[in-house]
Amino acid sequence: MSIKGKVFEIIQPGDSDHVASKIFDCVIIALIAMSIISVFLQTFDLPSRLSRGLYVFEVVSTYVFTLEYLLRIWTADLLHPDMPPFRARLVYIRSGMAVVDLLAILPFYLPMILPFNLLGLRAVRLVRLLRIFKFNRYSDAMTSVWLVIKKKLPAITAALVMVFILLVMSSLFIYFAEHDAQPDKFENAFSGLWWAVATLTTVGYGDIYPITICGKILGTVIALLGIGVVAIPTGILSSGFIEHLNKHEDEEDKDDGMNFCPHCGRKLK
Amino acid sequence: MSIKGKVFEIIQPGDSDHVASKIFDCVIIALIAMSIISVFLQTFDLPSRLSRGLYVFEVVSTYVFTLEYLLRIWTADLLHPDMPPFRARLVYIRSGMAVVDLLAILPFYLPMILPFNLLGLRAVRLVRLLRIFKFNRYSDAMTSVWLVIKKKLPAITAALVMVFILLVMSSLFIYFAEHDAQPDKFENAFSGLWWAVATLTTVGYGDIYPITICGKILGTVIALLGIGVVAIPTGILSSGFIEHLNKHEDEEDKDDGMNFCPHCGRKLK
Amino acid sequence: MSIKGKVFEIIQPGDSDHVASKIFDCVIIALIAMSIISVFLQTFDLPSRLSRGLYVFEVVSTYVFTLEYLLRIWTADLLHPDMPPFRARLVYIRSGMAVVDLLAILPFYLPMILPFNLLGLRAVRLVRLLRIFKFNRYSDAMTSVWLVIKKKLPAITAALVMVFILLVMSSLFIYFAEHDAQPDKFENAFSGLWWAVATLTTVGYGDIYPITICGKILGTVIALLGIGVVAIPTGILSSGFIEHLNKHEDEEDKDDGMNFCPHCGRKLK
Amino acid sequence: MSIKGKVFEIIQPGDSDHVASKIFDCVIIALIAMSIISVFLQTFDLPSRLSRGLYVFEVVSTYVFTLEYLLRIWTADLLHPDMPPFRARLVYIRSGMAVVDLLAILPFYLPMILPFNLLGLRAVRLVRLLRIFKFNRYSDAMTSVWLVIKKKLPAITAALVMVFILLVMSSLFIYFAEHDAQPDKFENAFSGLWWAVATLTTVGYGDIYPITICGKILGTVIALLGIGVVAIPTGILSSGFIEHLNKHEDEEDKDDGMNFCPHCGRKLK
């Protein structure tokens, strides 16, 4: 096998018997985890020695991720053997995982290219968090969860629009009900919205709540509607997972070659 | 095509290739959104210039919505070609979306017709919020969510009656358990009801909670029952979405005309 | 029809064309509702006139419910025409709804029978709340919700035992983690249990919460487990409602008389 | 029947007609319950007499559990009659329930074997809590709940990883949004994490919440995402319970031996 083939096998995630492939996966996963912990640590007041250590780690990890990114592009033509190598690489570069890989290293290089620091230090740190999505490559189950969410996106969006309508209406109702009694808490409709979010999602921090009879009745209605706000997306996703499960089983059934009627050749189930 | 036909095609939402139709949809959606934002903004302390600007927008948007409403009535006979034009329009006027359209503009015209201001300023603002429901016209997925909710309404109502029984019982139990220990918090059964709502829906603001052993045991039981209060409607809606999904698939199956056994004429599935 | 038959038709709930039957149902439902509102009102500081009015209403409504109870027993033999009248009435008296009817009036008569007041005034009021269950007679959907809950009771009980195990373990863990930092809040394992209930059911009043690193990590784990505590019973009930739905549909299928294989007479589905 | 056979029948949980077996089950369940209550009680300030009483109970219950453990090992060869007795016992000792039984008594004997007290007093108490899992032996429904959770573990893990990604990202976002406004509350990213947990799981204690416009918008988004955090695992488990139900029904169908078409041998259902 060519060097490119070997590299491809090593950097490709999944159940390869190659020891080097497993080590590579572990190193990348460890670097992602440490990279995120490092972003966390930088929000603490750190002694300057640790602070410098984190910076060194930052530089090293970015170089490793850059190398990984370049290797993945180099070997991308093996993913689509039927395409010309250039097009195969272009297709790969535009795929979701490759974009995540690029965004995870880009903020480090931007200040070198641009004459001025376009992004503030904070934004850079937050963009580095995108590295967390590099984990996705290593999970099959996650892919199926994403598939279900994607399939049910229109219904979930519809449910979200309903929630949005409910939020807007209840925020204005509660504002008119409570503004006179608590002018400092329910200052404007935006305060009402904050209350409506906390109530409809059943978070209920307790920083803002109705005290008038009228507001409490409204609060009761909205808290009960909040049950529906949880129940509708859950019902949609439940039906999605069940649909996914049935499809999967149907495909397994097809494999045994006995599911078709001997008379008309139709699938019998 | 006649002018009426062209107007009909433009104002009808959905996947028309007509550029004017798309522009019309966008303008209406933008006006609805801005109209709602305007109701929000009016709850803030605004400089008088912005305040007057909002009023002008209010007048203009109402005129546009009025024109839209009239055009929809004018072209309503094309929706039901089999009916006489007058009846077709009457049927349209009494449909849900047309009523929403009317209610969204009515409060603006009422003071002109009636000799005195029937509705206060606040109520007018709140009724204007109904414009939010005009969004519904533009979503297919929302229709299917509404269908499931409608189908399961008896079961959901039954679940709500159970919740109501639970609320009434727990509000009185907690009142008797906590009234002596916190006479100012658990003043009467209505305070108990407010606590029961916050606990059963798991909102839990923290403005009122039991402090006695007896009240905490009761709170534990009610908080655990609160899980059921979420689980039952969710289960009902889940089964509704799955039923909807299966029906939809069955109908798709029917369309290919090959789902019946040629020997006995039974549906093969 | 005999007088008994007419009375039976009137007091039986459901879709009778008899006007008297509908009036009877409405009167009973109104009396139940007013009876519950009256229990609520008695927790307020009422002027003595209203207080006396409520007492008079209490006496009248109890007499009406007593009459209803006796009429139902009298006509119970028409429910089971195949049994001897005495046995039919005994069967009815021991049914769930009849026991609720009896308990709803019993506390009023007990002091007359017994030489001393066995039950305190409060307990009597609370027992009167049982009248709320008389509503159940008037809902079909509620029956099907109860059926599903009953069917899934073993699984729900198992889930509750898991919740109980989780509650006990987390209450002790949090006690050991937080007792030293907040000895007044986490006084003993019972305080820990109260916190665990509020966290696992996601109520979160905010009267008690961890402040140490160790306690917050524990709180994070338990709050995440709380998702499961909601998800498991919901999943169980979802499957229950779907099972109920399928059974119901199967029974409807049976009615059309075409579901059996012409060759072997087996149900084809 | 030999003595070993009789002992085996007595200590085996389940529907035995043997009176002694039922008594044995009740004694063990009562001892487990009392043992857990005793761990609870020891966190209270107890009079020394009660304290000593609890210690005596502790010693006695441990001896009983030890005897139970030894008897279960002795009779374990009857569980696997096809294996040599020694192997059968080894298999049993390594089973989940036997490990729980051992862990529930081990901390009591360790100080006698080891020259120094390896585990602190607190840890010993907490390990004793494992006795709670001995309850599992007595529930069939629990087994099926466990089976579903086990089956769906990959999907649930994937959902948990998503929650973890969401938690990490929102904790850093909220830290950057709120740190300047509330430096004491949002001290570092760990405080942000604590807030994110409380919001995503909808617990919402109210000890920490955003006050800036930016933070509240972020809080709104995260609270709405929190709905998904509940909905996804619930959907996964719902589909799991439905799958379990269908499998169970299929197996029941198989038992009646009549589910296959006599003509083509295909399952008719």
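By written order: A, B, C and D. Residues from 1 in each chain.
What we mean here is this: contacts are C-beta pairs under 8 Å (C-beta built on N, C-alpha and C of every residue); 3 or more make two chains touch, one makes a residue touch a chain.
This one's a predicted model, so the numbers in the text were calculated from it and none came from an experiment.
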B-D or B-C, whichever has more C-beta pairs in contact: B-C
Cα-superposition angle relating the copies chain D and chain A, to nearest 5°: 90
Chain B and chain C: spacing of chain centres that average the CA atoms, whole Å: 29
Chain centre separation (chain B, chain D; CA means) in Å: 41
Shared-contact residues (touching 2 or more other chains) in chain A: 190, 198, 202-206, 230, 234-236, 238, 242, 261, 268
Of chain B, residues touching chain C in the complex: 154-155, 157-159, 161-162, 165, 168-169, 171-173, 175-176, 179, 188-190, 192, 198-199, 202-206, 209, 213, 216, 219-220, 223-224, 226-228, 230-232, 234-236, 238-239, 242-243, 264, 266, 269
Interfacial residue positions of chain D with respect to chain C in the complex: 36, 39-40, 43-45, 122, 125-126, 129, 132-133, 135, 139-142, 144-145, 148-149, 160, 163, 190, 193-194, 197-198, 201-207, 229-230, 233-234, 236-238, 240-242, 244-245, 258-259, 261-263, 268-269
Residues on chain B engaged by chain D in the complex (per definition of touch): 202, 204-206, 234-235, 238
